[in-house]
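First subunit A sits with subunit B, and in the next complex the same chain sits with subunit C.
This part shows the complex of A and B:
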């Protein structure tokens, strides 16, 4: 018979457990595969990527995303960001962990925008419920820019190409 | 409606009987660096630890492994293709564990442009000596022939508007997960 012994749960196998629950408690995922011309702009959000239902007011969000582009315009630039919006509409933005690379061969080539960032609980509200993930770009000096001319390229950009897609994965994590 | 102890485990209401700890992610920590700086080149025969990203990551069980993934951002290619980058884990007993698998960087030999150094890798429990306790996690590099004078980028790690007047401050991130097999 399984037993509760003070601070432990002892299974029939004899193994015991003194702490409960996992660290990753919720997931969200977004995908977008429409070829899109991006505007030369500032403080512009180009993708509302994913929704995650936050269970715990003290948790973190870890966001990972890959977005393909085509044809460089602004580089190195350094204005791309990842942003999260809570259930009350408050927004939290990070320029850290959001970078892209252009093929050095010239214009009309591939561009890759990669995001890897953790929004720590201390940097966001304690709202639970639905949060959303967004990606965009804003320069620090107010000029208009864009990280690529075409987001999610297709056979229109290279006759050999499939329709490319962007993906975003977000997980809710209990830190520690 | 109840939580019931059964012969071999427990059951919540009419759900499945749980007979073992179902946790798969025991521990999660992350490291962040957003300070513009110019790391050192390697010296011959000496691994250069560019960043101690996570300190005292506490591994709970001997059977678990550690997933390490992240992204660092720099400016201006220098050593390429190079292939000398790695992640290192140092146990509190002083033992070092290194892995090149899963470490790549992307750059362009075109002057002052972005370099991304990315890592996604996994140390099994056995590869870490089935140890528990505290590990420090490092972004490191050294050429396979042990020569010195290499670095993943020539200019700044975590560059900013000094490199491009339009740029926000750039930052790097590392996530570490302890996973039960």
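This part shows the complex of A and C:
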């Protein structure tokens, strides 16, 4: 039998709980599998990746993505970002937690772009409702760049392979 | 403040102000690791080097697979042939070329990490619960065979300085 004891909720098993956090309360997922030539550009969003319905005004968003590219262009560059947009249209961009790596052998090889970033509640609005996740690139000096020439490579880039896709998982977390 | 049973709002409120308003959508987690050094196989049809069993608690949940595989020594590149497959209790398979990607270096005997980040939504898989499997592997178009690396989970046989390397995966089940 569960009991309320002081500041704890004590379950019949003997386990206790002292906070309502430490849980994932919502999530969204996006996947895109079209081979795409990226433009040499600046402040360019190449993927509107996922939508998540935020339940709690004080929660954090954790974004994880895996995006394959082909044929290097700009490196190390340092202009790739992950961005979220709230239900009123306000945008929150991070150049942290978004990094890619080119095969050093030369052009015409694979590139891996990984994102692992948490938008803390203190850095974003308290809007609930639908938020969206975006990935893009922008240089600090105004020049045009791109993290790869081909995003989501396919058998067109290596005849032995298959159409690759990019994936993005975003979860709403209450830490505690 | 003591823990409160809030009948008005149908929730429990803890001393830190957190509540049980929102349910945890993360239903189940399975973790697995593999640290057996082995030679990678040459495959034509999809085949796998590692199979991980997990229990699906619900019939209507989404399945997320995250993984990091330690490969070594270049073989096929850029290739784009790595893949992952989900196997239902009744044997139905769900193959994905997306959400699996690797990177080789310019050094022929260098590291070849393979990343997995993939979600199968409930709408795209059957409604069986209990014993499912995830398989990590690759395939080749046409009649040829290939592999992304020569050795998986390398050790001091490949570099006398190396400790035994291991591959890991986390399978998460969500329902919202």
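Just so it is clear, the second predicted complex is superposed on the first by the 154 of 176 C-alpha atoms of A that agree within 3 Å, B and C clash if a C-alpha of one lies under 4 Å from a C-alpha of the other, contacts with A are read in each partner's own complex, and residues count from 1 in each chain.
Quick note on the criterion: contacts are C-beta pairs under 8 Å (C-beta built on N, C-alpha and C of every residue); 3 or more make two chains touch, one makes a residue touch a chain.
As the structure is a computational prediction, the values presented were derived from the model and not from experiment.
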item: Subunit B versus subunit C as contact partner of A:29, first or second or both or neither; value: second
item: Touching partner for A:114 - first (subunit B), second (subunit C), both, neither; value: both
item: Partner chain in contact with A:15 - subunit B first, subunit C second, else both or neither; value: first
item: Partner chain(s) touched by A:141 [first = subunit B, second = subunit C, both, neither]; value: first
item: Partner chain(s) touched by A:104 [first = subunit B, second = subunit C, both, neither]; value: both
item: First, second, both or neither for A:66, with subunit B first and subunit C second; value: second
item: Touching partner for A:78 - first (subunit B), second (subunit C), both, neither; value: first
item: Touched partner set for A:174, first subunit B, second subunit C, both or neither; value: both
item: Which of subunit B and subunit C A:89 touches, first, second, both or neither; value: neither
item: Set of subunit A residues, in rising order, touched by both subunit B and subunit C; value: 4, 9, 17, 19-21, 23-24, 64, 101, 103-104, 112, 114, 174, 176
item: Residues of subunit B defined as touching subunit A within the complex; value: 5-10, 19-30, 32, 34, 69-71, 73, 75, 106-110, 112-114, 116, 118, 159-161, 163-173, 175, 177
item: Complex interface listing, subunit C residues touching subunit A; value: 1-5, 12-16, 18-26, 62, 64, 66, 76-81, 83, 96-99, 101-106, 115-119, 121, 139-142, 144, 146, 174, 176
item: Of all residues in subunit A, those that touch subunit B in their complex; value: 1-4, 9, 11-13, 15, 17, 19-24, 60, 62, 64, 74-79, 81, 94-97, 99-104, 112, 114, 116-118, 120, 138-141, 143, 145, 173-176
item: Residue numbers on subunit A that touch subunit C, as the complex places them; value: 4-9, 17-21, 23-27, 29, 31, 33, 55-56, 64-66, 68, 70, 101, 103-106, 108-112, 114, 153-155, 157-167, 169, 174, 176
